[in-house]
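Please find the structures below.
Both complexes below contain chain A, partnered by chain B and then by chain C.
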Partner chain A sequence: MASQPNGTSTDWPGRYYHIDQVLNTPGPRTDPAFLAGDGVKTFLRNQAKILVIGAGGLGCEILANLALTGFKDIHVIDMDTIDISNLNRQFLFRQKDVGQPKATVAAEFIMKRVPGVKVTPYFGKIQDKDDDYYLQFNLIICGLDSVEARRWMNATLVNLVDPENPESLKPMIDGGTEGFKGQARVILPTITSCYECSLDMLNKPTAFPICTIANTPRLPEHCIEWASVLEWPRVHGDKKMDTDDPDHIGWLYKIAAARAAEFKIEGVTWSLTQGVVKNIIPAIASTNAIIAAACCNEAFKIATSSAAYLNNYFMLIGTDGIYSYTFEHEKRDDCPVCGGEALEMTISSEMTIEQLIETLVEKQDIQIKKPSLSTPTKQIYLQAPPQLEKATRPNLEKKVSELVPPGGEVTVTATTLPFSLSLRISYST
Partner chain B sequence: MIKIWSMKKNEEAAAKRKPKTSAAQIRVQKDLTELDLPSTMQTNFPDPADLLNFTLTITPDEGMYKGGAFKFSFAINTNYPHDPPKVKCAQTIYHPNVDLEGNVCLNILREDWKPVLNLNSVMVGLQYLFLEPNADDPLNKEAALEMSKNRDQFLQNVKMSMRGGNIKGVQYDSVLVR
Partner chain C sequence: MSFTNSIDIEQSTVVIEAAPDNKTRRYDRQLRLWAASGQSALESSRILVISGSATSTSILKNLVLPGIGHFTILDPEKVTPEDAGNNFFLEGPSSIGKSRAEETVRLLVELNDGVEGKAEMRSLEEVLAKDKEWLSDFTIVIAHNLEAVLLDQLASFLWEDTSNPPLVIVRSSGFLAEVYIQYHEHAVIESHPETTQSLQIDKPFPALLEYAMSLDFENMDVTDHGHIPYVIILVRLLEEWKKTHNGSPPTTYAEKQEFKKSVLKMRKKADEENFEEAEAQAYRAWTTTTVPSEIRELFTEPKVLSLTPTSAPFFHLVHALSRFASTGSYIHLQKLYKARAEEEKAIFKSYLQVPVSEDMVDAFVKNSHALKLLKGKKWGALDADPQALANAVETAPKQLATHLALTALSSFATKQQPNAPLTPTMEALTNEALALLPPGTELPEEFEAAVGEVVRAPTADLPNTAALLGGVVAQEVIKMITKQYIPINGSCIIDLIETWTGVL
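Presenting the complex of A and B:
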C-alpha cells in the first residue's frame, strides 16, 4: 500500500482529480527535474513529511490546505490552548474545545474530516525539540505571530545545514499577517536571505514617546501605556506583569480608565487594554486565508517541482483595495545567522587560547584584527570593555581543549569582520 | 522534491555551519567589544559572565551636570536587537527628561529604536541628555518648567540636587564624583 501513487483505500473517489491535472503532465513552468506521473504522486502522498508551526489563525488554514492538496504526513506544533476569542477565525475549533491544546484539537479535526491524512500534534514549544526532530521533515511551514519564535526557528534551520548531507537543508516557508497586511516567503537556509537578514524590515509595534504618555495623553492608548509602562513598575516594583493574567489586565484597565477620565479621553476598554499591552493587531480571517494559501502553494510546488517556486518574498497589502508585490530579498553578508564565515580548524590539544588568537590574526584569507571569542555558553576572551577584557584575560593561558569540547563551536567577532566568524574546533592529538 | 542541493553546488559561497550561539548573544558581544566610549562613560558588569545586564556611568566633563556621576542600568532581552535595551537611571536625579522612577525620555529607546542602532548609539544618546537637557520632552515636569521659565533657578536646583539636596519636597540622590 505504501507505493500506491493514486492514494490509499481511504481516499474517496475523485479526490485527486484536480490535483492530478497538474501532476500528470509537465507544463511550461515546470522545473526540468519534474517527473510527471506516479513518482511525484508517491512522493507527495506517501513520503513527504511536513511540519507546520503554529495552529492558530494561519495554522488552521495551512493544515486544511495541506491535507486537501494531498500531503498525508503532517506534524503540527503549538504551545497555546484555545481561547473563546479564537473561534471566529480558527475554524478547526468549537466552543467545546475552549481550554484544550490547539495542536491536538486541530490534528483530530483534520484527521476526522480528511480520511487517510495523519496529523501528529505536539503541544509545547518549538524550543523543546532538537536537531534530530527537525531533520525528519522535508519542509517546514511557519504560521507564527511571534518574532522571537521565528528568529529561533530560522536560526535552527540555518544551523541544521550540513554540507556533507544535502537532506539537511530544509526549506522554510514563512507566513505572517497583521490586520489586512501579510507576507509569505520562501527561505532556503544558507542559500537565500533568511528571516534574520530582513529583521530591520519588520513593522515596529507602535510605541508612543514616553514623555507624551507622561504629560500630554490624547489617545486611550496613551492612558493604557501610562498604566503599563510607568505605573505598573512604580507600584509593583520588580513584580513582572503577566499579560495573560486577568487580574493584571484588570488592574491596568482600572488605572488607565482613571487616567482617561482625568484627561477627558474616551475609549479605554478592557479589551483595548488587553490589546495594547499584548500588542494585538486585529486578526483578519481573509488575510489569513490568502497568506496560508500562498504558503501551501509554495509547499506544493517545492515538494513536487511542478512549477517555479517563489523567489523569495511576497507582500500583500489589503488596506486600500488589494495590492501585492513580489521581490527578491537579498541575503546580507553581515547577517548574524546566515552571513559571515565558517571555518573548520584542527589544532593541537596543547594549543592555548592566546596561540589560537595569534593563528587567527595571521590567517591571510580572513582579515581579523583584535578578535573576541566565545562559546555558546561562555565568554573565552573579550577585547573590550576593559573590565571584561580583564575578567577573561586568565583564559589566554588556558588550553583551548579545556574550554571547547571536540567538535565544539567558537564565535569570533571583530570590527574587521562584517558580522562574525564561526570556528568548529577539532583536535589532532 | 526540488533538488535544492544541486542548486547550492552552483553557488559560490561555501556551505556554512554556524554555532548555536543566539543571534542576540553574538550581536551583544559585537556591540560591547566594539564600544567606542569617551572617558566620560564607563560600563560595569556586576557578573562579567552575564553580558545582558550591566550599568553605565556617565560623568559629564562639561555643561550643567559636570561633577556628577550618573548611573544607568541596562537590561537586554533575547529578542535584541528587535527589541531595544531597557535602560533606567539607577538614581533619583533632577533632570527634565528623567522621572523620579528612573524612566528616561530618549526617542531611540522607544519609538525610534531600529535594529541597525546599537549599544554605542544608546550610550551616546544618554550622554547627550546631560549636555543638552530638553524641556520640550519633559518627564520631570517641575524641572522642565523651571528650566524654560527660570534658567538661573534651574541651574541652582541642578547643583543642589547633585549634592543630595531636597527640592520641593523631593529628596535627590547625591551624585557628586568623589
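Presenting the complex of A and C:
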C-alpha cells in the first residue's frame, strides 16, 4: 500500500477537494498560459518528479507539504542521522528513531501517512550524484543548513543549463531559518540571481582576536574559545576534538568555567560551551513551518502555473511582530557561477600570494576555503596533491606582482566548489 | 589587569553543571531562544483550538513539538473524505467517519510524550450557551475559519473580562489569509531587542570616570596599553575633550573627525585593536543617553499612575523605574557595569511597593531600555469603524483589500442556509465590502485581485497555506505565552500569490 507505483489508484473521491479549487479555475492574477483542469492535475500527480535536499527541520516539513499538495514522486537526500536535539521540530522522527538515517525514516513516515505517495530516500551526500541524476527532476527544493552544500547545489544546477535544451533548466527553491527568522527564494539558474550572487548577504561569523582570547577575556565566549582553541591542543596534543562527544564538551566547559571564574566573567554554561564550539543555530518548528510552506507553495505554483511564482526573495523576521520583505535580488555580472565576467580586484603591488589567499578566504562575496591559484600559463599555488603543494609553496612568499602582470587573470579553484573564479588583477601602487 | 577585575566587588564562584538531561537536549535549539523561563511558561500553558481543520492541526503541531502543557481540540464533526485529503494529522481513508477531534488529537500527541491532548466533541454553540466559563480555563484560545456570528459571540465573551484568555483569530481562503490577536494589553519585559543598549559613555558613573582618569596611558607598558577596553579609552578622551571645549562633546562633523583622529593618535603601535575599536565606536561618545521615549511614555500609563497593591508586577516595576529615573540614575541600571548595577538595583528595589521575584527584577532592569506594553482592540473594531476603514484605504490598500475580501466572504456565508455550498460571486462579495465603508468611499484598487481569489477558492484550506499559518500562528502564540519577543498588534495579512505579509 505504501509504495504503489501508480498513485492514482489510491485516490478517493474528495481527496483533492481543497487543492482542486485552485486547479479548476484561474484567479485574477493567474498567467493566461495556465490550463485549468485535468491536464495540470495529471502533470502534478502522475508526471512531476521533485527532489528535496535535506530531511531535517525544513526537509520534514517540505516532504509533508509536497505529499499533501499532490506530488507523488518525491526523492530526498540527506547524509545525517537523527539526534535527540532534532525532536523539537523534525516531526517525522520519534525517540526510537534516534541514530537512524533521516532520509529513510522521513520517507517511510510520509509513505505510511499519505497514501499513494512514493518517496525515494538517499542516505548520503549530494556530491555522490552526477548530472544525469539531477537532470531527471522537474524541480529541486533545498532545506539545508550548510552554505557549502548550497553553493555546490547551486553551481551544479547552473552548470547543468544547456541553452539548446530548455528541460535542463531546473528551478531551485531554497529555504533557510535561524530562530524566529528565515528566508525563501526562487532561483532560475542563469536567469535570476543565484545563490552565489547573494553570498555577501550572509552574516559574517564572529571571530575573536586571538590576543583577546589569550590575554584579556571579557565575554564568556572568550573563555570557551580559550578552552577549545588553545587549551585543548595544548593538553590533548593531536587528539581530535569531537564536538558531539559529551565528555569532550564537558572537559571544555570545565576549563572555560575555571577561566571565567579567574577573570570574574559570568555566563559560561554547558549549553553556551556546546553552542560556541559547534556553532549551533537556534531552530524551532514554527519558523521552519513558515519557510518550508513558502518554498512548497512556490514549487506548487511553478509546477502548476496556478499563480505567479515569487520573484525572487522573501525574508521574514518574527521577533518584533511579523515583518517580511519580498524583493528581487539582482543578478551579479561578476558572479563566479552565473555571471561570466571576471571579478575585478585591485591590490597593492606589495601584496604576497599568501596575503592574497587570506583576502580570498575572508572577503564576504568570495569566501573560498583553501583556494588554489593559477594563471593561464602557470600554477601559482595548489593546496593538493601534497607533492604539488610542496612544489608551489615557495610562491606563497612572492609578491603577486612578480607572477601576474597588471590586468592579468588568476583562476581560483577549491575542491569543495564545482566552479572556478576568475580574478582580473590590477595594482594600486 | 582588566577593567572587569578592578570594579567587580563580588567574587564569582564556579558552579559546574552536570551534562544536560534528555529533556534539555531535546529542547536545546529552542532553549537558546527563550531559556528555561520561557520553556516553563510553555509547559504550564493550556491551549484551546476550535476545529480540527488542516490549519488548526498545523498550528498545534508547532506548539506540541516545543512542549506546551495541554491542548484541547473542540470539534463535533466527523472526518470527511475532504479532510482526509489535506490534513497531515489524519490517516487518509482510514480516518473517514471517525471523530475529527479524536483522530487529530491522537496523531498530534504522538509528537511529544510531555504534552497532554484532549478531544472535546461538544459544539461551540453548546459551550457558549451552557458552559461559557469552561473557556476561561485556557491560557489562549485559537479559532480557525469560525462562522462569523459564533466568532463574534466568542470574541465578545472573551473580551468582557480582562482575565479571560486572548483569542487568536485565523481566517483563510485559498492563497489568502489573516491572523488577528484579540487582547486587552500585553506587557513584555524580555523583548530581545536587536539594538544594543547604550554604554552611557556620555554620563559615566563616578567610579568609571575616576578609573579612566587614573590610568597613566603614556607610561603604561605596551602590552597593558593594547588591552585597555575601548570604553575606558572613550570615557577618558571625552572627559579630556570636554575640558577644552566648554564642557561639550564633539558636535560638528569636523569635531567628530578630530575626536576620532585623536583616538588613533594615542596608539603606541599601529596594530592596537582596542584603539581601532574605540575609533569605530566613537559615535557613542556624542550619543546622548536618555530614557527612551517609549519607556518614558510608560511612566504616565494610567495603571502606573493609579497603582494598587493588586496591580500586575509589570506596572509595579515600571512605577519603581519611573521613580528611579526621576533621580537621574536610570542610565546605570542596566546590567552593563556589574558592580554599579548591583548598587543601583538595590536602590531600585527600595522603590517597589510590593514584593517581586528576584528573577523578574533582574530581567526587568536588564531590559529596562526595551520594555513593551501593547494595547489591543476587540475583534471586529476595525470593520465596525467606517472612518478607520476609509483611512486604511489610503494607508494600507493592499492589506485592507485582502482583509475586506475575507470579511466579505464570512458575512456572505452567514447569510446562507447552513450546509449549503458556499459559492459567492464577485458582485455579492464586493457589495458586502462596500457596505462597510462610508458612503461614497471606493474600495482599494487591489480589492478585485483579492476578492477574485476568494471567489476562486472560497472554502479551500490549501496544505501550503495551512502550513504557513501553522508557523505564523504558533510563533505568535509562543510569544504571547512566554511573554518574550513582541507579538503582532492588530492583523497580519498574508498573500501567498505574490508571497508577502503585511500588518493592518
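Heads up, the rule we're going with is that the second predicted complex is superposed on the first by the 308 of 429 C-alpha atoms of A that agree within 3 Å, B and C clash if a C-alpha of one lies under 4 Å from a C-alpha of the other, contacts with A are read in each partner's own complex, and residues count from 1 in each chain.
Here, a residue touches a chain if its C-beta (ideal position, glycine included) is under 8 Å from a C-beta of that chain, and two chains touch if they have at least 3 such contacts.
Keep in mind that this is a model prediction, so the values were computed, not measured.
Between chain B and chain C, C contacts the larger number of chain A residues. Contacts of A:78 after superposition: neither chain B nor chain C is touched. In the overlay built on the shared chain, the residue A:33 is in contact with chain B alone; chain C does not reach it.
In the superposed model, A:319 makes contact with chain C only, not with chain B. Contacts of A:211 after superposition: both chain B and chain C are touched.
Of the two partner chains placed around the shared chain by superposition, chain B is the only one that A:375 touches, whereas chain C remains out of contact. Of the two partner chains, chain B is the only one that A:166 touches; chain C does not reach it. In the superposed model, A:221 lies in contact with neither chain B nor chain C.
Within the superposed three-chain model, A:97 lies out of touch with both chain B and chain C [touch as defined at top]. Of the two partner chains, chain B is the only one touched by A:147; chain C is not.
Where the contact sets of chain A with chain B and with chain C meet, they give residues 209, 211, 215. Put simply, chain A touches chain C in their complex at residues 12-19, 21-22, 25-29, 61, 64-65, 68-69, 84-85, 87-89, 91, 94-95, 113-115, 179-180, 184, 209, 211-212, 215-216, 218, 246, 249-250, 253-254, 257-258, 260-261, 263-266, 269-271, 274-275, 280-294, 296-298, 300-301, 307-308, 310, 314, 316, 318-322, 324, 326. Interface residues of chain A facing chain B in the complex, by the touch rule stated above, are 31, 33, 43, 48, 138, 147-148, 151, 155, 158-159, 161-163, 166, 169, 171, 188, 190-191, 196, 199-200, 202, 204, 207-211, 214-215, 229-230, 233-234, 302-303, 305, 309, 336-338, 340-342, 372, 374-376, 378-379, 382-385, 387-388, 391-392, 409-411, 413-415, 419-420, 422, 424.
Chain contact summary for the complex, chain B toward chain A: residues 1-5, 7-8, 11, 13-23, 25-27, 29-30, 32-35, 37, 42-45, 48-49, 51, 78-79, 81-82, 97, 99, 101, 103-105, 107, 109-111, 113-116, 137-139, 141. Taken together, the chain C residues at the contact with chain A in this complex read 2, 4-5, 8, 10-14, 16-20, 22, 24-33, 54, 58, 61-62, 65-67, 80-82, 84-86, 88, 91-93, 96, 110-111, 113, 174-175, 179, 191-194, 223, 226-227, 229, 273, 338, 448-449, 452-453, 456-468, 470-472, 474-476, 478-479, 485-489, 492, 496-503.
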